[in-house]
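Just below sit the structures, each encoded as structure tokens.
In the two assemblies presented below, chain A is common to both, partnered first by chain B and then by chain C.
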Partner chain A sequence: MIKSVGPISTPVSLAPSETRRESSLVRDTWHALLKSPSGRVGVLLLVIFILLAVFAPILPLQDPLAQDIAGRLMPPSARHWFGTDELGRDILSRVIYGARISLTVGIVAVLISMVLGGIVGLIAGTKGGVFDRVLMRLMDIMMGFPSMLLAIAIVAVRGPGLFNTLLAIGVIRVPIYARLTRSTVLSVRQLEYVTAAQSIGVPSRRIMLRHILPNSISPIIVQGTMGIGTAIVEAAALGFLGLGAQPPEPEWGAMLSSGYIYILRAPWALFAPGAAIFLTVLAFNLLGDALRDAVDPRSRHN
Partner chain B sequence: MRPRIHIWAFLVPILVLAGLIACAGTPAQVTQPTQAPASTAAAVEPTQVTATSEPSSSTGENKGGGTFIFARAGDAITLDPSQTKENESETRVVQMFEGLVSVKPGTTELVPGLAKDWQVSEDGKTWTFHLREGVKFHDGTPFNADAVKFNFDRMRLSDNPYHIGEFNVWKNMMGGFPGVMSDVKVIDEYTVEFTLEQAMGPFLAYLAGPAFLLSSPTAIQADPENYFKNPVGTGPYKFVEWVQGDRVVMERFDDYWGEAPAFDRAIIRVIPDSTARFLELKAGTIHAMDDPNPDDIELAKSDSDLQVLLRDYWPVGTINVDHTIKPLDDVRVRWAIAHAIDREGLMPLYNGMAIPGNQAQTPASWAYNPDLAPIEYNPEKAKQLLADAGYPDGFEMDFWYMPVARPYYPKPAEIAQKMAADLAAVGIKVNLKTEDWGAYMNDRAGKFPMWMFGGWASVMDPSWLIYVYYGNKTAQEGNYDNAEVRDLMNKAQYSVDQEERAKLYQQAAKLTYDDMARIPVVFARAGAILANAKVKGFPTSVLRQERIATARFEE
Partner chain C sequence: MLKFIIGRLIEMVPVLIGISILVFFFIHLIPGDPAAIIAGDFATPESIADIRSNLGLDEPLPVQYFRYMGRLLRGDMGRSIHTSNPIAQELLQRLPASIELAVSAMLIAILIGIPAGIVSAMRRSSILDTLTMTGALIGVSVPIYVLGLVAVWFFAVQLRILPPGSRIGPDIELQNITGFFVLDSILTRNWNALVDVLKHLVIPAVVLCTVPMAIIARITRSSLLEVFSQDYVRTARGKGLSETRVVIRHALKNGMLPVITIIGLQFGVILSGAVLTETIFSWPGIGRWVYEAIQKRDYPIVQGMTLFIGFVFVMSSLIVDAFYTWLDPRVRYD
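So, the complex of A and B:
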């Protein structure tokens, strides 16, 4: 695979060939993704949610925080498409603004666990030996905790709030990415081009970052896409328990929590945030699923 | 071909997760009206104890016999009055026991009980009680000064052979064993004298509390270990049976000294679920229930077979501030906050169970100061006050709200958000925060600059609430330091003249109002009872200790 000879020219000639290969991988993946029905549905739903979230401030929506205590718990109407909540706020507007919070939490939390887990897995997989054993036992210990309980513990110690929720959800997922990265790295490490690079004296850090990492990244991305859905559900669960976003932030889980005592009187206060959670998580899972098939060369060519 | 399978493979876990979220409910909110399906089965389950199965309807007259059934959410822990320390046990013992002093039903007024009258010495340290004659305990033991001495020695002396148990309320109110009461003397058969170490303003009110009701010495001596489940008092109803977790059955005591009760039997049942209690009330298998769902109160109002008995305003909800933190140390800023809160606007969140408040005592208390004006909702004035204090653009601050529902803040998060919006309107931007209730109770003094809090007196005496607020212990909470208020509180604490004490408390209320020491928000009702429409003469109690003795049916 790697034909270049000579210790000095190796890195220079490798870089462009890597880039080229990646861009074609991305293009192939994208096409494969759009070919599968679940991929199309996932992408469509996500595009809608992302557009709503990004353009929420310029959409003709009511202020998600504006209270109208006289018009509380009103059923859906032309003025309030999804009705109003216990303080008379417009639920449609709150759900759309809530998308900003949930998407941010989902994506950032997954990035945190991906980066931290990736680093741990990469070091453990590449260095092996005592590093591997210590790091992976640490990850095993973290996995031993029920993840939700750990998240609650982290938030309880650091205090409730959106940032701490994000951090907690990011941290509890680290072992998953660490394990995944390590296992991929271990298999990639056996391949000839790594041995070749080692034999020509490429420094180990360079091998780790330029040879092993790019070739191990796709399963991590697939896992990450699905992980966003889980992270959104976990953020909603923390919000429901009163530990996540603090009122008056329109966070979906918190909306469910404040609405559930009115389930008989005003079911719409539960319906909209519940449906929003369901649809975003569904979208990320469909996308992740399709993405996994798309990056897997065996299923792509079949 | 694979994706089709996979969509379901993902849908199912998502649904499971969604279910899990729904189940992960926290008890932080008010009584959940959502448990109906689970509890309906329990409600329909036949019980031996139903009103309709009793041969009750002989007549509709005052003494027509029959059974009265009252349902509460929890069971008693003990039926020994001296061991009671929570409301469920209290509601049972007040039916069967009496104290030297009583509370006039439906009011907060102290009236003679087993003592006809009493005198107190000039220094407030010696109390002489003249006992009612011809009173008998349910087991026939005569009630006299020896019985009184037996009861008080049992409570106060830790080396008394019958001092078995915690005597928690005695310890807290009387200051340990023996605490403030240094001697109990029998003067003659119907006269007893208490000697106190120091004068004690709330002494009489304490004696009227459930923990100081008097038991038959014979019964305690017979089986001290098991007395808590074989209680013997002097009250209008005597003990029959306690099926733990289900009911306490009592029957009319024929030798009762006072007016005989209307019913042959009184039963207090345990029905934990509020929806189930309501369904039984509607079905007629119980005659009254405590702690209904707010929505059920509305339903009961429109049901001609039911009536709503509202307890008076007693709990008080406030916004507390730390007086050492800038800018809350400035009285103008505290008044600005007071004027910024739209109290009327909060009322829809209370379902008619509160009114705007302006001090630490509700109008039901004799220490209430009627001269204090309601706190006006006036955002303009609030802005002006902030500008005068040097904050024309307002300021930003953490505002903590409680994670659990209390009578004074039944929906804390919603109420906090409404208040936050009110404060934002005058330029005070608050960041709402909360933490678990145990931590909240610990942290409130010291960690929080501004927080929601409240409380109610658990005895018929204002000191129970405001001495704690503004007496010696004040430094612990909010760092409000006003020597004049403290002085008034201490004078009132050691005075035994209620009128004088009322004046002292009212003066203190004026001072704390001017200082806006705590920002009063609401006077809340102590709860509500739903009853069958034919129930009459069942006055509510702000301490949630209703007595069945005077209740009767009228068609």
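So, the complex of A and C:
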């Protein structure tokens, strides 16, 4: 009760207590996360991938775009750890530079769907009535649509390319986050501190942003973590179909499809990007699983 | 029950209309003038305009939409721009290939996924459980196109025991009765063809089944564990029933509800993923057809097939719901 009375008399006084509570929630979650083996493996894999992606330009790698026709389709060797592709480019370097593309696409696409879906869900859940019905029907229509087909259709309309891939993957996931946000908001809205805030006349936008949103965020973050893996798979799928990143970009999906032609002569051109996609997605799934258990107090007690 | 299904069918109508409007206007945003494509490279502006008015493409979009829907309700999906074959007819020819693949994949997924989930739940925290769940995690993390390429490399390129793609060998003769090659070869007692068809089916079906299988195993396990903690299961155990009997007669019936939902949803997912699998394995179904149509900007095919797959998706969720209600009478009272 004291907490909800706070904001009207001295709005500033809420800030320190809220920060302290939040940081301890984050710290608890982090500890629980590192306690589980899957969480540790997931975090470790991701840290490696992120470091490689971020520091790719200063690593002693060959130029991912430099062609060497004389040395094309060479098997793995001391000079080219993962071999070379059909244009003699170093596959190791291309896979590491590819991590930059895939991680960015995955994270940005999920942010797009999280923000758009979050806004839709928050409005539907807080306003209710006609808003709720119309928005959710719209989301049903999008959900009633095979996601991969929708992504392909969006890219077909907007033209192939990395930016449109990002947009397509982001848009197709909006309904998931809209529904999730809405249902969390609906359950949080029933809680006493929201009623208390309403009764003392806190404006509804403030209730939405300061009271409901922070308490609804954890399931959304868990969904988002797993969603990054899915987004990476889908973006690479579009790249594989030739609708995503265009040559000569070192995108994993595109590398797979150009390597497929040489499956008889140079299977290593497939293995490296394939393994990279698998390990990245595995890392996000491990992290997502562990995060879900970590933020769920029921499972933390076990 | 009937009332429930009719109610759901009526509820579906606005969703289906929404999908059709979305698809129709979306497709018309795709760059490229279909009339110019049909007319070819050396067409005059007059001939393009001629074709456009013949196809009704010069009418306002809403008029075109209602015309299209009117024809669609009579079973006419238009014609392909490139081959001018009727789309509905080609759809019927290609559909069995996609269904055969999807059903085979789902069968494998169910036959392995459910028992794996049950065993995992019964022997919780055992090595078997850890192995199954690790397998399931890997299953959901390997994209089908990565697994598909590796499987083709291993079985078709290295071992040379399975073909890399297509539905049947070029030198095998099979009388086409139903379009389902497995069924056709059994009906005609063409065992030679049956072996060949199954060989072609193995890699695509196994690759396609991994994600649904992993998800089914996970859901079966967690749903059973939830049921195990309930009083009536404790009572059954307290009565001294054998563990097998407790699981099969008491826990499974309630524990299967979420599994059925997932199976239904995965069916839709498999169909929409057909674009990818069928492209990798040169499988002559609807997925590869859509992919080729997108690349050739054959928009009547893209439009018709997007609508069709959306329709199947919505229908499969309806069937799941109906089945669910039949199994769990409590849902009806909601």
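One rule holds for everything that comes next: the second predicted complex is superposed on the first by the 289 of 302 C-alpha atoms of A that agree within 3 Å, B and C clash if a C-alpha of one lies under 4 Å from a C-alpha of the other, contacts with A are read in each partner's own complex, and residues count from 1 in each chain.
Assume contacts are C-beta pairs under 8 Å (C-beta built on N, C-alpha and C of every residue); 3 or more make two chains touch, one makes a residue touch a chain.
The model shown is predicted, which means the values in this text are computed figures rather than measured ones.
When the shared chain is aligned, chain C comes close enough to touch A:157, but chain B does not. When the two complexes are overlaid on their common chain A, residue A:277 makes contact with chain B and with chain C alike.
In the superposition on chain A, contact is made by A:147 with chain C only, not with chain B.
Of the two partner chains placed by superposition, A:116 touches none, neither chain B nor chain C.
By the touch criterion defined above, A:241 reaches both chain B and chain C. In the superposition on chain A, A:285 contacts both chain B and chain C. In the overlay built on the shared chain, the residue A:267 is in contact with chain C alone; chain B does not reach it. Once the two complexes are laid over each other on the shared chain, residue contacts for A:256 go to chain B and to chain C alike. Of the two partner chains placed by superposition, A:108 touches none, neither chain B nor chain C.
Overlap of the chain B and chain C interfaces on chain A: residues 38, 156, 159, 229, 233, 236-237, 240-242, 253, 256, 260, 263-264, 274, 277-278, 281-282, 285-286, 289.
Considering their complex, residues 38, 137-138, 140-141, 144-149, 152-153, 156-157, 159, 229, 233, 236-237, 240-243, 253, 256, 260, 263-264, 267, 270-271, 274, 277-278, 281-282, 285-286, 289 of chain A touch chain C. Taken together, the chain B residues at the contact with chain A in this complex read 2-4, 6-7, 10-11, 14, 17-18, 20-22, 24-26, 28-30, 32-34, 295, 345-346, 348-349, 403, 411, 413-414, 416-418, 420-421, 431-436. Put simply, chain C touches chain A in their complex at residues 14-15, 18-19, 22-23, 26-27, 29-31, 137-138, 140-143, 145-146, 149-150, 152-153, 157, 268-269, 271-273, 275-276, 279, 290-291, 294-295, 302, 306, 309-310, 313-314, 317. Taken together, the chain A residues at the contact with chain B in this complex read 36-39, 65, 67, 69-70, 72, 86-87, 156, 159-161, 229, 233, 236-237, 240-242, 246-248, 253, 256-258, 260-261, 263-265, 274, 277-278, 281-282, 285-286, 289-290, 293, 299.
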